[in-house]
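Every chain is named by a letter (A, B, C, D and E) in the order it is written, and numbering of its residues begins at 1.
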Amino acid sequence: MKLSADKLCCARGGRPVVSELSFSLSSGDGMMLSGPNGSGKTTLLRAIAGFGEITGGELHLDSLKDTDELSQACLYIGHHNAIKPQLSVQENIDFWASFGGGDVAAALASFSLEPIKDVPASMLSAGQRRRVGLSRLALAKRPVWLLDEPATSLDKASTKTLSQLMQSYLDEGGILIAASHTDFDITLNKNLVLGDQGTAL
Amino acid sequence: MFRYANPTRFMALTSVLLPWTIALTVVSFAAGLYGGLFTAPPDYQQGETVRIMFVHVPAAWMAMAAYSFMALASLVAIVWKHPLADVAAKSAAPIGACFTFLALVTGSLWGKPMWGAWWVWDARLTSMLILFFLYLGYIAIWQTIEEPIRAGRIAAILAMVGFINIPIIKFSVEWWNSLHQSASIIKVGGPSIHISILWPLLVMITAYTLLFAVLLMLSMRSEVLKRRIRSIRIAKVEGFG
Amino acid sequence: MNEFMAVLRRDIKLAAAQGGGLGMAIGFFLIVVSLIPFGVGPDLNLLARVAPGILWIALLLSVLLSLDRLFQADYEDGSLEHLVVGRAPLEFIIVAKVLAHWITTGVPLIMATPILGFFLNLEPDAFGILVLTMLIGTPALNFVGAAGAALTVGIRRGGLLLSLIVLPLYVPILVFGVSAVQSSMLGPDGSMQTMMILAAFTLASAALAPIAAAAALRANLR
Amino acid sequence: MNEFMAVLRRDIKLAAAQGGGLGMAIGFFLIVVSLIPFGVGPDLNLLARVAPGILWIALLLSVLLSLDRLFQADYEDGSLEHLVVGRAPLEFIIVAKVLAHWITTGVPLIMATPILGFFLNLEPDAFGILVLTMLIGTPALNFVGAAGAALTVGIRRGGLLLSLIVLPLYVPILVFGVSAVQSSMLGPDGSMQTMMILAAFTLASAALAPIAAAAALRANLR
Amino acid sequence: MKLSADKLCCARGGRPVVSELSFSLSSGDGMMLSGPNGSGKTTLLRAIAGFGEITGGELHLDSLKDTDELSQACLYIGHHNAIKPQLSVQENIDFWASFGGGDVAAALASFSLEPIKDVPASMLSAGQRRRVGLSRLALAKRPVWLLDEPATSLDKASTKTLSQLMQSYLDEGGILIAASHTDFDITLNKNLVLGDQGTAL
């Protein structure tokens, strides 16, 4: 497994945002994406996940070249949690499991959601919501994880759980890109720092 | 956006073409109006009111033609992602809406003496009204979505979906046998109207088509310029971060 | 197929969990129809005459209004992105959503129609045929509406823009729906042909609308 | 007063910035009215007879639909909380929002009415009185609708629930609005009295609705 | 100026969430509110700001007792930023200034928003949006600040700006409560740690 970008340029709303980024990640590589606000971290992650305008350069996952198949290989967790407030925590996870496969019990266990599994999602606190969103990580087996500020609103214990989950995913040979302004409890072996103009520093 | 050479070539080409097309438009309008108002005989049934035809029929045709053009340009924009196709479709919409409006107004001016009412809920008239609404919806899409690329795609899909209405307008007269005149120019076995009416009508149709071309070129040019300004403006706020 | 059933089941569950989501469209339908006598006056003959048309228009508006959130909720909470990159083709998912929507709002609306027809003094003979035309015609409303909803997802004031886009396309369905009812009032098999045309609309929209909707959703996610 | 003007100006600006937010309610109005002949049939006499009622009902629906976002947007983005604890009384702020809404959608809708009356073959004499009754009556629609919007803010499917709550309250306004137009067709001053009643509705709703709306907003923010 | 809570109990959606909290803050005091996800930090802040159900105990600001006047004394910045996406950054701030008073230029300067002041808010990144939301701090002069995870999505530079702003507010005699899972660059002199059950630890 190898995810590589070659002089990748992306736009957002017609405006060029990220320009000429090149990187290459093999199985087990985790890349920390950092840079000031507005430097294009979200734009880059969305582009890889298949929701962006790629205006130049190339993006490959093995032999797949920015197609639907590439985006199906990615698990993108963005700023939103994809939770239905009317459904309970368990019902939400049930749906994802029946949609994309995976084991509901394992997902509930991952961020210790069992105690709140029957609470309607509309009654969750910000961090609880984020935990439900992140429990997808324990659900779907996808070769690439794209995490956009995954630790937002998480308390210390959950942040640690997240780091462990990331670590064991990398150990199993996953590829991971995480955008964040703060450090995780583990260190990722690659780094990409974006500058103001969306170019690598 | 404008890394493409195309729009630049388009600007150069149209700046040459425009004066000629404008001249031709004026000439053919003069000829068509002269023929329509003076040489064509008054109708034995309708009297002088028949002359509204020379304004009405071409407007109605162009209303449909502009929509078809828009749908076609949208298809090109979606399939080949040609940047000018997008601009062309966007620019054609308000012009087409104006032609539609003109056809509606002249039609209802004509309807008063002919049918005794400004407006009747006849199939052709109504489907024309719906065409007008489709134009409005299309224009609203462009106005509501700020990002030009996304707006372009969405509008293009809408234009192609709405194209279904064109055959409905065209054949509504036969399907619902309405009050309105059925096709007399384009039909199996050749046109069924007299040559003295036919030629001014054809000239007027040419004139309207040329007018459409002129307006289209003008508004495409201004759209291209607007997009350039937009990209310059965006480039200026570029370094924000 | 798994994905199809998952989405179908979830959307039906969501509609039920909304606590009255089902009832709300019917409520709107009821109220629009019951405003008519106030606006038009209580003349029973007049009401009977306009009843099929009014019922169809009210149905159409109710469907339209409840459609505007078809993709919007999924868009806002980030689910749509996951649905789009799922293994099942997006067109399938859209069909599942439309079907769920038809089951949870279309069918109840149609069931409510006879009661309202009764209020509007519609001839009892026409009830059966009215319900039948609606059963045949409403899926087309849902499919065309879904394409419109996909076009306007993520747009502020999408609801009204949706109306502007979709209502013109509803006109043929309305025309044939009403004329089927009216011609049935004249003779027994007068409505067969219009019914066939309605069915054709439904089939055509079921085939084409998901494609247009999928393209629109993809464009709106960029 | 400062706060009042600030909100009024912002809301008008927002409506304008929506690029067509203004036009959209009119679009819906136009289309609903032009669907009527399809449903009811093209008989011009019949149309003329139902025209005032249909126009009023369509106006009412258009106002209602555009109202459902009156507080919703502010609620979702967190502005509402700031508006509620501002120094100006919440009732004032609500009046400012209603006023802005009336200026940006009510007035354009009323301006569009004569054109639609023309399509429906309404007698030209009735145009003036129709517009006049609408000018007097629509603020009541806006105020009552604002109270409904405040009650349903933050509720999923609020839009349809809103219809359920508000439409029954619209009935009296509709009845008097239509009867003012119809009595004016009979004689010159037949409509004076109904017009007064409409004005009374508007005044009463302007006085009471903001209080109800403010209470509802406060309750919905807990 | 003194903000004090005495055995304060708050509920959310009818369910008791925070119970028997007591604290007292005088001018210049800043309180860090921490605790695991769902422990009731947001609930408490909203209750003080006037958007909560206070089910028991008392809350005072000098002589004001949980009334409208108390909530008018607070500036609450919650999870949402109160930004209108259709308006530009400057237009948004303009509105707040004309609504609640304050100097637009100072607010723009506070989180260095001048370069993006004409950009429509719909085109901002998550952190840029948060910065616009936080620029209210430089706008309105209110005696109490209630900040709910203010540093979410902020880059390092902006986090520092935020800390400085908080510091100078405290120096001027403001009262501040901030909920957060991570530390700020400055240390607040008071601490309230909520336990799982919404009681102080």
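Assorted remarks:
In the analysis below, a contact is a pair of C-beta atoms (placed from the backbone, for glycine too) under 8 Å apart; a residue touches a chain by one contact, two chains touch by 3 or more.
Note that the structure is predicted; figures quoted are calculated from it, not measured.
Of all chain pairs, the one linked by the largest number of contacting C-beta pairs is C-D.
The two sequence copies chain C and chain D touch through a face in which the numbers common to both exceed half of the numbers used overall.
In terms of the distance between Cα centroids, chain C is separated most widely from E.
Distance between chain centres (mean CA atoms), chain D to chain E: 37 Å. Separation between the centroids of chain C and chain D, computed from CA atoms only, is 25 Å. Between chain C and chain E, the centres computed from C-alpha atoms are 45 Å apart. Among all residues of chain A, those that touch two or more other chains are 13, 15, 36-38, 53, 79, 85-86.
Counting partners per residue, chain D has 18, 20, 24, 27, 31, 38, 41, 73, 156 as the residues that reach two or more other chains. Contact with two or more other chains is made by residues 126, 130, 133, 136-137, 140, 144, 146, 149-150, 239-241 of chain B.
Across the interface of their complex, chain C is touched by residues 18, 20-21, 24-25, 27-28, 31-32, 35-36, 38-41, 46, 49-50, 52-54, 56-57, 60-61, 65-66, 68-69, 73, 156-157, 159-161, 163-164, 167-168, 170-171, 174-175, 178 of chain D. Across the complex, chain C is touched by residues 78, 126-127, 130, 133-134, 136-137, 140-141, 144-145, 149-150, 153-154, 157-158, 160-162, 164-165, 168 of chain B.
In the complex of the two chains, the chain B residues touching chain D come out as 117-122, 126, 129-130, 133, 136-137, 139-140, 143-144, 146.
Chain E meets chain D in the complex at residues 49-53, 68, 71-72, 74, 76, 78-87, 91, 95-96, 98-100.
Residues 12-13, 15, 35-38, 42, 79, 116, 123-128, 130-131, 149, 152-159, 181-182 of chain A are the ones that touch chain E when the two sit in their complex.
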